[in-house]
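The structures come next, written out as structure tokens.
Two complexes are shown next, each including chain A; its partner changes from chain B in the first to chain C in the second.
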Partner chain A sequence: MRYFRNKSVFTDRSGYLFILPFYALFVYFLLIPIGEVIYYSFTDFNLFSERKLVGFHNFNLLLEDQVFLKAMRNTGVYFLFTLIPTMALGLLAAVLLNTTLFRTSWARALVFMPHIVSMVSVSMVWMWLYDPTYGLFNRVLSSLGFDTMHWLIDPKTAMPSVIVMSIWKGIGYNMIIFLAGLQGIPKDYYEAAEVDGASKIKQFLHITVPLLAPATFFLFVTGVINSFNVFEQINVMTSGGPVNSTTTMVHQIYLRAFTEFKMGYASAQSVTLLCGVVLITILNYRFGGSRKKYGED
Partner chain B sequence: MKRLSYRKIALLAAIVLLSAIVAMPFVLMLLSSFKTMAEIQSPVFRILPNSFSFNNYIEAMNQGNWSRYFTNSLVITLITVSLGLITMSMAGYAFARLNFKGRDLLFFFSLIGLMIPEQVILVPVFIKIKQFPLFGGNDLWGTGGVGMLNSYLGLIIPQIAHPFGVFLFRQFFLQFPKALDEAAKIDGCSRLRALLRIYVPASLPVFATVALLKSIGSWNQYTWPLVITNDNSMRTVQLALSIFKTEYSVQWNYILPATTLIALPVLLLFFLLQKYYVRGIVTSGVKG
Partner chain C sequence: MNKKTGWLLTSVVALSMTLSACSGSSNSDQLSKGDDSGNGQTQQKVLKFWMRGSGPNEALTRSVASDIAAFEAQNPDIKVEIDYIPYADVEAKWNTAFAGGTAPDLFEVGIINIASRANLEQFAPLDDFINGWAGKDDIIDNIYKLGSYKDKVYGMGYMPAPNVFAYRKDYFEAAGLDPNTPPKNWEELMEYSQKLAVIENGKVVRGGFDVPKQNGSFWLEIFGHQNGSAVVDETNEMPVFDEPAAVEALEFVKELSQYSIPYDAQKAETVPFRLGQSAMTYIAPDSIGEMIKNDPSLEGKIGVASNVPGKQPSTFNGLRLFSIASTSKQKDEAWKLIEFFLSKERAELRMKELMVPVVNKSLSDRFVEMDPEMNAAIMEAVQIGAGRPKVTWSPLFEKYSNQGYEEALFGVKPVEQALKDAVADLKKEIGK
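Let's turn to the complex of A and B:
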């Protein structure tokens, strides 16, 4: 009891002053905007005339907006085909680079490089690799005697091309997180398993995978949020085309809000996106939460 | 013994292959940045350029106002990072070391911010900047002018503080022994003095980590500058890359050297301070 009383001697109101600059910025530029975007989604706000409440009008329009529905589908496709391969390849890279047989810091730095360089820069470089006539990929295809492809220009291959680039950019980050997880697993677990005669594959499945659960869970949750918000590589590489085959939800928000200034309508799209992100995050904690605890034991 | 060395060679080969595949686009970018347009378009593909001349670099930098673009990015990055370090270290210190009512509640509440993607609140933050009272011809109610659009203030202010940095500072400051605060208190050291004289000098690693993460993030950002600037003189380097790309033609012989120059500062920072960078993202991912 005395300990607690002692503690209160040090109660310090100046704490509020110390957090004030950060908290003011946080409330003004992060918290209030969440409320505002919800409010705007029920208005016909367009920057030029008085805004007035229009109820669910924007959301009704959304349901009939074929381009936005297409953007939702594209975002889903991007999410499904980017997240899992990126995590799998990141795990593979981490397992390879976790060796103590020789120094691997040079390889870690190389694999991590795409994460450091801006999305705009790597999109530009990959546009060049995908170029139908001067790009590396078509040069390799034609020198091997295959037909060349129209990568970013063909509606069928545009999204897969963007996805391959995005996987390449994400491997390094996933690798570093998995690597930190791997290094947290005590060596004796493997030694004990070795003594009991467990094969390398069994050791991987029964020691590595369960003990990596916290890292896997973290990468999955952040990966979901990132893939739902895919925008930069889309805007740089394809501008959503050809024929809307790569447009995504954030790309639609960008176009409606900042080329057509339909702020109310774009807010309704943002709210739809926010609901998607929140829903999936809650589901993750619901069904991933128990696995996380298992890993932390 | 022999079996082990075979395994070792196979593993080394796998690692070399992996690194080569991942690094390939950068190697090609660097080598081709010295190629003339004729070499880039030539039907025969050579990996090495005919000569390592910097002509492309000089010509690319003469298209548009690149000294201005680099200055813009540098100024924005330096100010964002400095103000970010000040505000976030103060908050992290208070959340870790000071006792005040509602401290932990306020801290965990701010972590909501980690879950909210920037893109979702793009519209309201844009409107806040456009309607910022008394700036850019605005009246007290934020109407009549352009606010902070097309200005350094608008590019910087919303980007200064993020709960993530506060989280990293708090984690670091929590490690110090409690006796330190009590000793400082007995010596009559104010809270601000304790932060500046005791904590900051002992916390260079966390300052390096946050500074590095924030510098790279700020230099690389694209969406926010894209949305709030349309004036050529306010472009950042990331936005300026698009001047080499029109609907009909792409000037690869300028894009590749410009991309190389833009990526160089962040890669240099990363290779010099790798330890701090990796520590930062690992703290968030594994302990967070």
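Let's turn to the complex of A and C:
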């Protein structure tokens, strides 16, 4: 209490009042719902009848739910095969767009454009691209003499198809953040390295990459969260099928909560998802070196 | 900015946000339109109506919209606001609406929705309205039964929605088959599928008989019933789609699938028959009408039969119904609209426009007279058809029957194992 009475904490109370609206909204729309979801995960809440506390029952059921376990695996696959290529291609695009040859606002706009289109619209368009009969991809394949494919109706190709679309959509956003990072790196470092005889690759590896660490960290953390929360494209393009080959954790949460009324169980799934995201973020904070400054060991 | 101004500004912002957050307007406020300032004009009541489907691009929704326009012209004090809910989102949208207190007054539903929603007391019983209705005796008796749950009517059927067996006569001719004789039994269905399928480089480029690979539990129901399986024992509320008759039916469907282009049954626009990419299918009659409307050259090229029987004749025969939300404050107006939909005049218009059967006894003969070949098949489909299971766990039935179906068709498990596992999982979830 002494601390709070300390004059220095509330020297200018109007400052706290200025940030109050944001924090009020944050608490009301984010913190309280998170607390509620955690509470619901220990109940049998089903939307329409009185809820009872059931302890860890929902979490025990999760361990036996083969579809949810598959959804966890699918989410992991989506996360791995979407995040890394999107970041790599985003970086590549940023490096190219940072060169004098491609440094035009048109080129930047072109790469960034998919990001600003709604995921549902993009998913609908890609569904047509993947259409077995009229889709562009199959037309290209058949014109090249290859067998056509049932992209979204084959358990082997459904998830890769969704992943390719997500990568295409995500490159622009990654490019913009990396480009901002690239443009913030002082030219002096490159000039000094050149004087010392460092090749372009060495300059990239020893100057560009380390100095992009904060941008990389930011994109990684937000990318992890986005990958774990993947839903719209799954729901629109495949509805989680075929044979649950594309269902993800959030898709399962949605189905359990809103088509089967099992809010308590869906909350337990949400808490599991939250723990996964928090764990990866903590690991990344611990080992990702986001706060590392250039020149530090 | 001095401190006082800062305080003042912050207080104003905080106060206005608090006020705007707390100033929820009630449903009735939002629903009431028109002048209520006491100047003599009547207040217009707004009736919210949710219909399943993809909107005005469907023939049925266009017909319902014209019914509503006529109703509004007759009842200027009532305005009907219609929203279309895609089939895939129906359950989610309804649940959210009921939980959030924003459910509409009137729903357009299927048989599969009646038991689960009535059990949750979300639909109002309609018995009192029906008893006081002059037109009640003109409705086919079975329609009341199909909309009932625990001896109360919760849904008023307005349009049977059977699936008939449809085939392309031109493809039959090209394959050397008689275009006026559809297959008569399962053996012939298999034989015809084989003859009609066009396979190039090991890939089916034109199907014989449509078999969906994804979300095809509907096919399991049709063929299961034809093979003598109940699929779901409604009396004891038990799933039985792992019984030998259902397993045998799905094995037959799986064999047929080698002559079909794979597709997702939930995406109606990808059904091969509709795209001219297969020769035979089960389809709703209004979809045939839509196909001919879009491509008039198909006139006379599509033949129909009620079904291709297995051990017994059967096909899917759904029913489209209207239900009133138990939370509606305008039940009388909602019922008035239902009565209007079911009136002989509107039913006759719908029948002619969509070529679909209606539930009015007085129109049955007229319907067959309109197109004896097609409509006799449709009426037979209505008589022999079975609807979706009426159980309180219908969304779970759909989920697990699809799971078993897909695992079997994609070869993840042998057919029998896939169905047994699906039934076991379903029983576990429903606590049986």
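Keep this in mind: the second predicted complex is superposed on the first by the 262 of 297 C-alpha atoms of A that agree within 3 Å, B and C clash if a C-alpha of one lies under 4 Å from a C-alpha of the other, contacts with A are read in each partner's own complex, and residues count from 1 in each chain.
FYI, contacts are C-beta pairs under 8 Å (C-beta built on N, C-alpha and C of every residue); 3 or more make two chains touch, one makes a residue touch a chain.
These figures come from a predicted structure and were not determined experimentally.
Student: Overlay done on chain A, so just call it for chain B and chain C: clash or fit.
Tutor: Once both complexes are aligned on chain A, chain B and chain C clash.
Student: When the two structures are overlaid on chain A, which partner does A:F18 contact: first (chain B), second (chain C), both, or neither?
Tutor: both
Student: Report for A:Y254: first if it touches chain B alone, second if chain C alone, otherwise both or neither.
Tutor: both
Student: Given the touch rule stated above, what does A:G184 touch, chain B (first), chain C (second), both, or neither?
Tutor: In the superposed model, A:G184 contacts chain B only, not chain C.
Student: Is A:N244 contacted by the first partner chain B, the second partner chain C, both or neither?
Tutor: A:N244: touches chain C, not chain B.
Student: Chain B or chain C: which reaches more residues on chain A?
Tutor: Of chain B and chain C, more residues of chain A lie in contact with B.
Student: Considering only the touch criterion stated at the top, classify A:L274 as touching first (chain B), second (chain C), both, or neither.
Tutor: first
Student: Now that the structures are stacked on chain A, which of 224-232, 260-268 or 422-430 shows chain C clashing with chain B?
Tutor: Residues of chain C that clash with chain B lie in 260-268.
Student: Need the overlap of the two footprints on chain A, from chain B and from chain C, as residue ranges.
Tutor: 12, 14, 18, 21, 47, 131, 133, 254, 258
Student: Touching chain A in the complex: which residues of chain C?
Tutor: Within the complex, chain C contacts chain A at residues 3, 6-7, 10-11, 13-14, 17, 88, 91-92, 95-96, 98-99, 120, 122, 201, 203, 213-215, 261-264, 266, 270, 275, 277, 395-396, 399, 402-403, 406-407, 410, 412.
Student: Which residues, counting only chain A, touch chain B once they are in their complex?
Tutor: 7-8, 10-16, 18-19, 21-23, 25-26, 28-34, 36-37, 40, 47, 93, 96-97, 99, 101-102, 104, 106-107, 109-114, 116-122, 124-129, 131, 133-134, 136, 139, 143, 168, 171-173, 176-177, 180-181, 184, 214-215, 218-219, 225, 228-229, 231-232, 235-236, 250, 253-254, 257-258, 263, 266-267, 270, 273-274, 277-278, 281
Student: Could you list, by residue number, the parts of chain B that touch chain A in their complex?
Tutor: Touch residues, chain B against chain A: 8, 11-12, 14-16, 18-19, 22-23, 25-26, 28-29, 32, 40-41, 45, 86-88, 90-91, 93-95, 98-101, 103, 106, 110, 112-113, 115-128, 130, 157-158, 160-161, 163, 166, 181-182, 185, 191-192, 195, 216, 219-223, 226-227, 238, 241-242, 250, 252, 255-256, 259, 262-263, 266-267, 270-271, 274, 278, 281-282, 285-286, 288.
Student: Using the touch definition from the top, list the residues of chain A that touch chain C in their complex.
Tutor: Result: residues 12, 14, 17-18, 20-21, 24, 47-48, 67, 131-133, 147-148, 150, 152-155, 239, 241-244, 254-255, 258-261 of chain A touch chain C.
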